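The two complexes that follow have chain A in common; it is paired with chain B in the first and with chain C in the second.
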Partner chain A sequence: MTTPQNAKVQTADHEKVANAAGGDFATFQGAQVSLADRLHQFFHQYPVAAPTIVLLAAIALFSSIIGGRFLDPFNLSLILQQVTIIGVLGIAQTLIILTAGIDLSVGAVMVLTSVIMGRMAVEVGLPSGLALCIGLIAGGVTGWINGLLVTRFRLPPFIVTLGTWNIFFALNLWYSQSETIRSQEIEAAAPLLHWTGTAIDIFGARLTYGSLLMLGLFVVIWYALKWTAWGKHVYATGDDPDSAKLAGIRTERVLMSVYVVAGVLCAIAAWVLIGRIGSVSPQAGMMANLDSITAVVIGGTSLFGGRGSIFGTLMGALVVGVFRNGLALAGVDVLWQEFTVGALIIVAVGVDQWIRKV
Partner chain B sequence: MTTDKKIVFQARGLVKRYGHVTAIDHTDFDLYAGEVLAIIGDNGAGKSSLIKALSGALVPDEGEITLDGKPIHFKSPMDARALGIETVYQNLAVSPSLDIADNMFLGRERRVPGILGSVFRMLDKKGMHDEAKAKLAELGLLTIQNINQAVETLSGGQRQGVAVARAAAFARHVVIMDEPTAALGVKESRRVLNLINDVRAKGLPVILISHNMPHVFEVADRIHIHRLGKRIAIVKPDTHTMSEAVAIMTGALNPEDHPAGAYAA
Partner chain C sequence: MKKQLTALALAMALASPLTFAAEQTIVGLITKTNTNPFFVKMRQGAEEKAEAEGVKLLSFSGKFDGDNDSQVQAIENLIAAGAKGILLTPSDPVAIVPAVERAREAGLLVIALDTPLSPATAADATFATDNFKAGVLIGEWAKAQLGDKAATAKIAMLDLNSSAITVDVARDQGFLQGFGIDLNDPKKMGDETDSRIVGNEVTQGAEEGGRTAMENLMQKDPGINVVYTINEPAAAGAYEALKAVGKTDVLIVSVDGGCPGVSNVKDGVIGATSMQFPLLMASMGVDAILEFAKTGAKPQASEGLDFVNTGVELITDQPVEGISSKTSAEGLELCWG
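Right after this comes the complex of A and B.
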């Protein structure tokens, strides 16, 4: 096949001039020069870097102010315990936010599934393993409902989960009859539900199985996001759903899977919750929704979707935990803890805006 | 010119209606092996709908599409891709936050062999990166320093390069390019036109949708003129001038009145 020999069109003169100017088309190299540009590129490429630096700075700050009491292994492991529930919910929240959604129902799903687990084991008398499984399935079902409303009915995730937050919470009050299941009853009927609260002591640190479970989940989801096609599709769907669709990704199916996985993760958070507080209370975890979003945002994941890292959320949760713990040890009034967390959120979003600029 | 007269991709009587609007009105379409076929038409003539029907992004209400003589029914762009038809969309359909290799393999990722791949679904990142590099080099696009660079850090022309490389690398039958030079500068456009010639040289037929008449007349073997939802003429760059093509396209000239004769197909 030869090129068409149409004499009518020659390479136009303006092109000759442009070609004479030399230079390459598509040289794939950045010509970054200034330090600010380099920093920008670094943070852009490694979204986990910024929250990690903040975490290290916070640890340095509080160890210099408070000293040994803060750095004590027991205190550090206490911080880890304190962030475990929000950490697990944060994983679910990160997945949703990566798809450019938001999930306001995570806290309600957690409480509802904890009540289901507790009642199935204590009131119905099922084996605790089975009760746990039913709770996890119920979590998946709540995610499926959210996912169905988002994908099939094309409603905005914010509105969907605002609605289901109330619905799941109401179901939780109805099913629990607003009654708390006491810790002793759970211990007697279903010790498995307390497993996540069981601690092992290492060098003075008290690590709960719940914390280890959380760290394990972070690794699993990190692997899924980084090393599987599903993870690439989650990012692509959040980044630009139309492009993703044209590239052949079934974005609706990806969204659905994300919501279901998030629901199951909320149910795992319920298991961690039972282990941590011992009892099953329909009023527990009221602030968990917003705290999980806080962890994700401080962790550097963009609310506009497609950008962020799962370990950023762990860092974000730890930053909040370290500030709360450090300020409390320093004797600062609890209201200033809230103030600090609020300021951190705004700074984190500001930094994200800067990083997202190309 | 088109010595090889084998039709590889064909449509007969395609119709697509959106409510009261008929976007495709009983149009025909033919693509010969190894040619560059340009599709031109005014805004709203239904070029995009036709292209979407041919690339699987839209399911026509009526009509038949055949590939190598076999009837085909696309339900999604995936179906078209599975049959070796690759499309470079006007918006490029790249994911800005993913890197170059990720984008080239988006939707057709490869997994490592063995249990890691089958059970743990682990991606063969190294293999995909190496192949992406090789494909870019093949098209002369390899002045890449870092193939792990996110696509959003690339210029418009570079992104176009990635999108074209992706299509050229995976197409087995047809490459469709929708306005590939619309957003590009002079030198970058030149490079894309060269890429089109390279793709044809590989033996792949190319469907080129463009508003840029000089570009169309330079690279196309035949020009399919679309008007009011259907093909009204096929002209060749060596039998018609740009102004005649534009006149037919806008309705100023009736193709049947033209001595050189339309419907050259």
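Right after this comes the complex of A and C.
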């Protein structure tokens, strides 16, 4: 749109008319921006805002119902501990979902790699550092398999990971022989695997190294997504793979890297899992894949790819954790805890649809 | 599951006229899942027995606890395969009934293992642990351990899930009865008014659930000194939560008798556990089907019960007077998984 200043240089007839009409015609849209539009724009710009508001509202709600016991630093740090596993898996899930994919295998990869770490250290007797590394590599390999099927064979991620979920889970049962490795055996043979469960006390709060590791991973992945070319490529690939390709991004490589990183993150989640439950159980993490998707969705990342924020997922995981803990402390039946989480998912997706309308 | 389907396809291919002539008796085993060591052991027990008796065992399982569809399909497949009988641990004791009826109409003997059908008479027989008794044993033990302090105990109840299945309810209520708490409705968990109960939480019968449930109940009341758990993985998780806050003197009781659980009794993680016998359940089941195939006789329920009791045994290293128990060392000889 031309500005009135240009009109002053030449004075054609139609411009005189334009001048006479006054200079504010270009700004009429701004004057009519409603509160809803402003909110819409705000949420569109800051995807992490909506889950953060929900989190703060939930904390306010439960502290008013339950009181000091809920707001106690120990209880708040407990919630952080309780969401640590889902938080780490959520980082992996966010990366995949940002590329417009979905990963149903994260829970199975976590359990499989935890069994690998445990058995390598306890049964085979390898040094625990080496066992951990083998687990992390195994995680990367599972991601590479998913990535290969998605990029090379062009299968939809949903189908690929639905398949590998079953495959990895079957491998887990086969390799573990459905046997649990007890906490005491790990303590004796591989204390490093328990490191993530070690706690430090700060002002009455109790933080585990696992929780700190999770927060660190959030920061690292946030930095990578925000400030590196790789991060921009991840968003671009998820938003519109064809345009991204035309812009010179090697989208298949980007996808592959995302799946491998996600696999390694699942193996880190396995380490956190061992620290938290003490033992290595082939039956752990049954619902972890769906819980991680829940965290991502409540965290405001769009299932259609290309839009969302990594810290939203942390907020999403915390929202679920706060609701579960708060409702439990209030003595509400578990049924309603599940009901509430379900309602949150629907609301979150509804809000996402609304935000997506530009 | 896939492996078992392939096994079935193979079995069916092999059941061509050539091998069919041998008339090998086919016994079907359908477990809830093939992840839980309890069912893995059950399958092993059935496999060993089947091999010893020279019968063919076809085993199936659901994909997850509560997976009714896979179990219905398994029953249909077993009818088609010409099995003589089916051993079934129903994931959904109500929904599976029509499929069980079809199998019985087709002349198969159907035995419910571990979990009774609803109604229990829908199966020809039920071979199960007396889960109420299992609960009573650990309840009585906990009460005796506490002595005078039982009157002021603070109890955490770590149950299975929100579906309130029969096993979950029976163990929970059995424990409370053993501890001397008024049950109100014995078919309902969590309706007790006794102030000694701090709360009921669910664990999904796994370590992570046990830990989270214990953490939340400790937040509700840090004075908890007795913890009932639905099974030993949940107990191990609860112990991790207690260890994290330095409260390792809390009394934890459980049910199952898996080897990791019995080892945890030995290490003092679990005070006492009620052991059940899945191997025995399965091998008795195979025997019953063979008997039925030979003579047509159906198994009779144990006296005073509507199922065949496969026994329960208290395992603890701190025996109390009046309750017979075995030590963890003896338990390790008998344990499963």
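One rule holds in what follows: the second predicted complex is superposed on the first by the 326 of 358 C-alpha atoms of A that agree within 3 Å, B and C clash if a C-alpha of one lies under 4 Å from a C-alpha of the other, contacts with A are read in each partner's own complex, and residues count from 1 in each chain.
As a working rule, contacts are C-beta pairs under 8 Å (C-beta built on N, C-alpha and C of every residue); 3 or more make two chains touch, one makes a residue touch a chain.
Remember, predicted model here, so these are calculated numbers, not experimental data.
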item	value
Chain B versus chain C as contact partner of A:R182, first or second or both or neither	second
Chain B versus chain C as contact partner of A:L35, first or second or both or neither	neither
Touching partner for A:D333 - first (chain B), second (chain C), both, neither	second
First, second, both or neither for A:K245, with chain B first and chain C second	first
Shared chain A contacts, counted only where both chain B and chain C touch the same residue	none
Touch list for chain C against partner chain A, complex	2-3, 34-37, 40, 64, 161-162, 190, 199, 201-202, 204, 206-208, 211-213, 215-217, 219-220, 233, 236-237, 239-240, 243-244, 258, 260, 263-264, 267, 269, 337
Interfacial residue positions of chain A with respect to chain B in the complex	1-9, 11-12, 14-15, 18-19, 23-30, 41, 44-45, 223, 227-230, 232-233, 235-236, 239-240, 242-250, 306-307, 358
Residues of chain A that touch chain C when the two form their complex	69, 72, 74-75, 78, 81-82, 85, 166, 170, 173, 177-180, 182-184, 197, 199, 206, 273, 276-279, 281-287, 324-325, 328-329, 331, 333-335, 338
List of chain B residues in touch with chain A within their complex	1, 4, 34-36, 57, 76-78, 81, 87, 89, 91-98, 100, 102-103, 106-109, 111, 120-123, 125, 141, 143-147, 149-150, 152-155, 157-158, 161, 185-188, 190-191, 197, 200-201, 203, 214, 217-221, 237-238, 241-242
